[in-house]
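The next part holds the structures, each set out as structure tokens.
Here chain A shows up in two complexes: once beside chain B, once beside chain C.
On to the complex of A and B.
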């Protein structure tokens, strides 16, 4: 009997034992492999690319336009503390702070791909915090209102009249912002405030003078 | 990365095309290995042929080991895989009925269709019986529904119900499979050989 034949015969005889051993070793390998913490969500490279990119920002003008046109895909999330939210917020906004992020009920507003979620706070800070966490977990359609409510007030509610030397587009934008402001109720309050100061002015003039006296004295 | 279709690496429209191709390959291999013979399938119960036990148990163990290695290497996300819900008592009763049908007819649903494909009359009779069974079950579902729904445990696996590491469960199941193979070989050596 040749050596080759002998080894072949051995393999044929023991093939099932060899295969069973391989199977067992593979299963044992799973137990013995060093375990590591699996991170959910997108990979670190994509996270950094998204974080550096300014694509997440939406301007106050675009947001105002979408609200006025009653865009059904818009979902506004106010990330400020509840007290500030109760004082003022954008129409139909939902209050979700960073601490509520893992609240199952509220999280369903963020982890979905039907609406464009616009996060906002007083500036970008709180909104960016929520966006960062959402981005890490791979949530889709999350946007941040650029400049937050401060920017909203300085552009939509109280837009600056452009300089005479500015291009035509700046005046058109100003007109749009004025009109948008009226939609959000600025015109109504202004007419009231314009009427009231006239009557108030007469009343206020006297205390103002009084105030000036001690100021001058100092 | 994977699963490929839920993560959009393969368009969802390919779902059925891939299913049909896998089905054809599955049917071909079952027929090629002789699983369309009712004698081979019934052999498990009579102790003269354990090919069915060995093949299905091996495929399950190989698949789970492969999947968990791929999960470890981040090729597949195990948590994204669909797990059938467990209807405990409905499954126990259904399993017993299927066991009786398996033993009496010599086929399971998949192999009976293989047998039909190669023109076996017993396979055709079995498939007709299968269809009648499905029809009766579907028509009486409104009566059976309370029992059917009563023991729904949700999408659980052994990892959830035992609270153990999946890797240890895989090692235990693999060991059980190897012991079962050795035991079936021992039984086969004791039982009178049947040639078919």
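On to the complex of A and C.
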């Protein structure tokens, strides 16, 4: 028997084993392959495009309008520390700080596609951090209040009266902001104004009839 | 003979299967940029806030230990920028040259100090770099502006409320309520003219 025949015979005998080994090795390769696909969330290129875009910002005027019109799809998230949140926050806001981002109960507010989630803090910094983590994980409907509460106070609560030379729109905007400010409680006292003074009982005194001087008769 | 043909078919199909997998492997395009940090570790870092430095912190550092990167647009950079700052916009981070430059800094254990129009702007660049694995990146907490043809920088307050919101709200309520209080109108006193006693008309 020649050497060539021997090797051929060996190959024929063991071909299934060889094929199985190759397939097994390839299967191992497939285990390693999704390492790149396991990359959590969106890819870096898309992350940058979203982060550079200003689409996520919502103005204080638009937010005030939506709150006043009782938009049912609105969900306000305050990202400031609890102490600041307890002192003051926007109506019906939920406090979710950065450290609570992965808290199961609170995360369900962020990772959903029913509500328009408006994130806010004193300026944009904390709110943007929450937004960027959400952006990485592909959360939908996340928005940031442009300028945060500082901007809210300088526009809605205490708007600046426009100059005489400014266009009509500026005056209309000022009127809107003033009215919105009143809606959010500027100039409205709950304790005093709501307590109506008790109305005094009206005392009707019948006018005394003057004794008529007897008209002169005959 | 029949059995031999069957085994032949099995072998051919197995080889074809292997070929398909091989082609798949060869044509697989590995993504160029991959996030090396997951969101959980990024969140941990963000909470620490140890990556934000001020101008005074920068002054204490040895210039050979860091490189300043201006992430504003090329146009803004051309108008004025910090001394020795290199312009890499957020989109340019993925350029081969930028990646090479950043990798060099990391290899030499030099800090990457980012600044933009405000800390918020720099933060987006930092988030990107940190998640890409550049844990030597830091944010310079400044605001930049171009006033009177000069490039100006100043320390930026981070998340500092301009006013005490609760106090302002309370004050705005009480102030207005005082203004609203109108002085009580004086009771109008209407004096009815006294009727002159009628002189009894004369009778007969």
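Worth pointing out:
We adopt the following convention: the second predicted complex is superposed on the first by the 153 of 218 C-alpha atoms of A that agree within 3 Å, B and C clash if a C-alpha of one lies under 4 Å from a C-alpha of the other, contacts with A are read in each partner's own complex, and residues count from 1 in each chain.
We take it that a contact is a pair of C-beta atoms (placed from the backbone, for glycine too) under 8 Å apart; a residue touches a chain by one contact, two chains touch by 3 or more.
As the structure is a prediction and not an experimental result, all values here were calculated from the model.
In the superposition on chain A, A:73 contacts neither chain B nor chain C.
In the superposed model, more residues of chain A are touched by C than by the other of chain B and chain C. In the superposed model, A:26 makes contact with both chain B and chain C.
Legend: residue contacts after superposition of the two complexes on their common chain; A:103 is shown touching neither chain B nor chain C.
Within the superposed three-chain model, A:112 lies out of touch with both chain B and chain C [touch as defined at top]. Of the two partner chains, neither chain B nor chain C is touched by A:7. When the two complexes are overlaid on their common chain A, residue A:59 makes contact with neither chain B nor chain C.
In the superposed model, A:133 lies in contact with chain C only, and not with chain B.
Overlap of the chain B and chain C interfaces on chain A: residues 23, 26, 29, 33. Residues of chain A touching chain C in their complex: 15, 19, 22-23, 26, 29, 33, 36, 39-41, 43-45, 47-48, 51-52, 80, 84, 87-88, 98-99, 101-102, 121-126, 128-129, 132-133, 136-137, 149-150, 153-154, 157-158, 185-190, 192-193, 213-218.
Looking at the complex, you find that chain B touches chain A at residues 58, 61-62, 65, 68-69, 72, 165, 167-168, 170-171, 174-175, 177-178, 181. Contacts from chain C toward chain A in the complex involve residues 11, 14-15, 17-18, 21, 25, 28, 30-31, 33-35, 38-40, 42-43, 46-47, 90-91, 93-94, 119-120, 123-124, 127-128, 131-132, 158-163, 165-166, 168-169, 172-174, 176-177, 180, 197-198, 200-204.
Of all the residues in chain A, the ones that touch chain B in their complex are 16, 20, 23-24, 26-31, 33.
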